[in-house]
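Across the two complexes that follow, subunit A remains constant while its partner is subunit B and subsequently subunit C.
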Partner chain A sequence: MEWTSYLAPLLEGAWVTVQITIYSTILGAILAFACGIGKLSPNILIKSVSVAYIEIFRGTSLLVQLFWLYFALPLVGQAIGIDLRFPPVVVGVAALGLNIGSYGAEVVRGAIQSVAHEQYEAAKALNFTPRQTLWRISLPQAIPEMMPTFGNLAVQNLKDTALVSLISLSDLAFRAEHIRNYTQDSTTVYTLVLFMYFGMALVLMALMKWLERFVGRWRAAGR
Partner chain B sequence: MFFGIEWDTSSNLAFALSILPILLIGLWVTIQATVLGFFIALILGLVLATLKSAPTRLISWPAKAITEFIRDTPLLVQLFFLYYVLPDYGIVLPAFLTGALALGVQYSAYTSEVYRAGLEAVAKGQHEAARALNLPSPRTFTHVILPQAIPRIIPALGNYLVSIMKDVPVLSVVTVLEMLNVATIIGDRTFNYLIPLSMVGGLYLILTLLASSGVRYIDVHLPKRGLSLK
Partner chain C sequence: MSEPIIKFDKVVKRFGDLTVLDELDFQVEQGEKVTIIGPSGSGKSTVLRVLMTLEKINEGVVYIGGEPLWHESRNGKLHEASEAHLRKMRNQMGMVFQQFNLFPHMTVLRNLTEAPVRVLGMSKADVRQRGEELLDLVGLSDQKDKYPHQLSGGQQQRVGIARALAMRPRIMLFDEPTSALDPELVGEVLNVIRRLAKEHDLTMLLVTHEMHFAQQISDRVCFFDKGKIKEQGTPEELFKAPKEARTQEFLKAVLNPD
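And now, the complex of A and B:
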């Protein structure tokens, strides 16, 4: 078999990888903001939920989380009488999003805390409500600071999507394994796949750089 | 039965207690893979960092490209690559060594950046002072630059040690019997995935909390202004 004949199935797999990356990165971003802000909340319940989520998902391995959601969660559902069996794509996106969200949450928290103290004092002096302070003072200044790390996390997430092939999702890594089993042509298949992942990572990094420049305009003038 | 240890399925607690020793055998493999992978990453990272700072672009540019390539491709695919491609070229390694090598290769891209950042963070005045004092450059490196760079490098390396530990379960795909693999095998045989997988999660939490507090302890107790040479 010519190596060009591998391209069509591999590209199909790459498209699955791209979709999973997009969905899980969006889910991760939502969780990162929710729990990053939640960790700074004065409400003890919100705070402890956020801290527990961050510690559990940062403290364990992604593959363990993926297998737990895929193999163990249905058993929990059985025990409490709810059907918690989800298709692999839902489990994959959920596990990746939950995992990367916990890393993102620490970034969000750090960036919000790094906004100058005077800004908060000024907001208080001007009688801003906490919600106004968050939306109009902290976030516009904190988000540009988060962007470089978010770029790294997005690439990290793209790389991590390869693990969903282990719960039988036919992404790029899964197709590679499949073709290798048929052709035994390991060198060509895996070299191609490595370069495809690299290409996707380069595109993703360019996108994140663009986003970084876009939100960079929110920085206060003179900084 | 696994590793010659029977499990007791009479109750959930008895089951959990009876499989704990089996999981701990897996945990020991996880720790070994972590340490070996970290060691390889330290050495390979040093090689990459040296090549990247080479005076000629003919060497430094390819080294930078290789680092970027390693960093932006998944560990799983790199592992498969090593596992299937190396034997084609006559290099047959046991799965455990292939796995540790893959971890080492992946993380060498990160450690090389840590070395570079640590060395560059040493103030420029230090180089100038060493030159003014007529110190030969090998001596400048070992007695002026390194003692100040090491306290910056060690905590960052420690964080990657924790990351490597969390990536070890990927090695299960090439039949390495680390903790997660052991847990899924127990699950396959008893149809109870919930308890073994939850225990692996719990053990991982304990392990990473211990490791990161260890890293923090070292970070706090390192002399910030440089190691003393006396």
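And now, the complex of A and C:
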């Protein structure tokens, strides 16, 4: 078989990888902001839920989380009489998003706390509410600080998507394994796959770089 | 005499074991321009920060226009103030910080308009016009679309003053507004404050080490020492003929630094 004949199925798999990466990164970002901000909340309930989420998902491996959601959760559902079986794509996106979100939450928390104390005093002197201070004063300054680490996490997330092939999602890694089993042409297949992941990572990095410049454009004004 | 606009009644402020304000009694009349001087750590900034509600007090009562700042009276008794009460009281004060503390992600004009729009709920058009007038007042009309980091320290501090004024406070608090500036930039900031001091109704409370300037604009100068007013009087009285040995010593040290 010609190596070019691998391309079509591999690209199909790559497209699945791209979609899973996008959805899970977005889910992760939402969770990161919700729980990163939540961890700083004066409300003890919101704070505890955020801390528990962050610690549990940072303290266990993605693979275990993935298997737990895919194999264990349906059984838990059965026991309590709720249908908790979800399609692999939902489980894959959820596991990746939950995992990356827990790391992102710490980044969000750290960036918010690194906003100068004086900024909060100035906001208070102008009588902004705590909520206005968060959204209008501290987050706009914190977000550009988060971006480099968010970029790394997004790339990490892209690479982690390979694990979803283990719950039979036909992503790039899954397709590669399939073709290899069929042709025994490991070298060609995995070289192609390597370049495809690398290509996707380059695009993702460029995208995050652009986003970083966009959210921090005030910092570059007049420079 | 009418009710003082600011009144500290036996106010105590402690940080741990350190007593920073020590049963302080202090009054300022409506429209009065008062300068606070004194050695480092004597509690000058703390007085302003207590007024701006950035620092709680431990004992005593602070009144603004006759109304307790840190307390609310219910059934004839004083209780700790709610956040709603503090929000209401805070609108009467404006503060200018030593380090300017402008919002770096907002343009100069936006620094001035954000709070009046969001906090006071004023119309954007009105606030914008008022903002441009204030920038004109501080001589920065041509800088309104720049970001703070593009301005010199003196320009940033003038924006800081305009930002506080945009909220139309009755009381302006200045905490060493020129201490962070290069010497050649001090004058432009002092000129703006000097112009403000001509406003009859505006009450001004200023902490500064610029003794000459204090002498020019103040109705009264208060010398703080160890959390108390050691001596106060007109600039004439205090600078020309200080009575207390501590005041004499301090003035001698700051006026002839060697």
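In this text, the second predicted complex is superposed on the first by the 217 of 223 C-alpha atoms of A that agree within 3 Å, B and C clash if a C-alpha of one lies under 4 Å from a C-alpha of the other, contacts with A are read in each partner's own complex, and residues count from 1 in each chain.
Following the convention adopted for this analysis, a contact is a pair of C-beta atoms (placed from the backbone, for glycine too) under 8 Å apart; a residue touches a chain by one contact, two chains touch by 3 or more.
Computed from a prediction, not measured in an experiment: that's the story for all the values here.
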item	value
Combined model on subunit A where subunit B meets subunit C, clash or fit	fit
Partner with the higher number of touched subunit A residues, subunit C or subunit B	B
Touching partner for A:K209 - first (subunit B), second (subunit C), both, neither	neither
Subunit B versus subunit C as contact partner of A:Q132, first or second or both or neither	second
Subunit B versus subunit C as contact partner of A:K159, first or second or both or neither	first
Touching partner for A:R85 - first (subunit B), second (subunit C), both, neither	neither
Partner chain in contact with A:T60 - subunit B first, subunit C second, else both or neither	first
Gap in Å between nearest CA atoms once subunit C and subunit B share a frame through chain A	27
Those residues of subunit A which subunit B touches in one complex and subunit C touches in the other	none
List of subunit B residues in touch with subunit A within their complex	69, 72-78, 80-81, 84-85, 88, 165-170, 172-173, 180, 184, 187, 192-194, 197-198, 200-201, 204-205, 208-209
Of all residues in subunit A, those that touch subunit B in their complex	55-56, 58-65, 67-68, 71-72, 75-76, 79, 155, 159-163, 165-166, 173, 176-177, 180, 186-187, 190-191, 193-194, 197-198, 201-202, 205
Footprint of subunit C on subunit A - complex, ascending	116, 118-119, 121-122, 124-129, 132, 136-137, 140-141, 218-219, 221-222
Residue ranges of subunit C touching subunit A (in the complex, touch as defined)	52-54, 87, 90-91, 93-95, 97, 99, 101-106, 114-115, 118-119, 146-147, 149-150, 163-164, 167
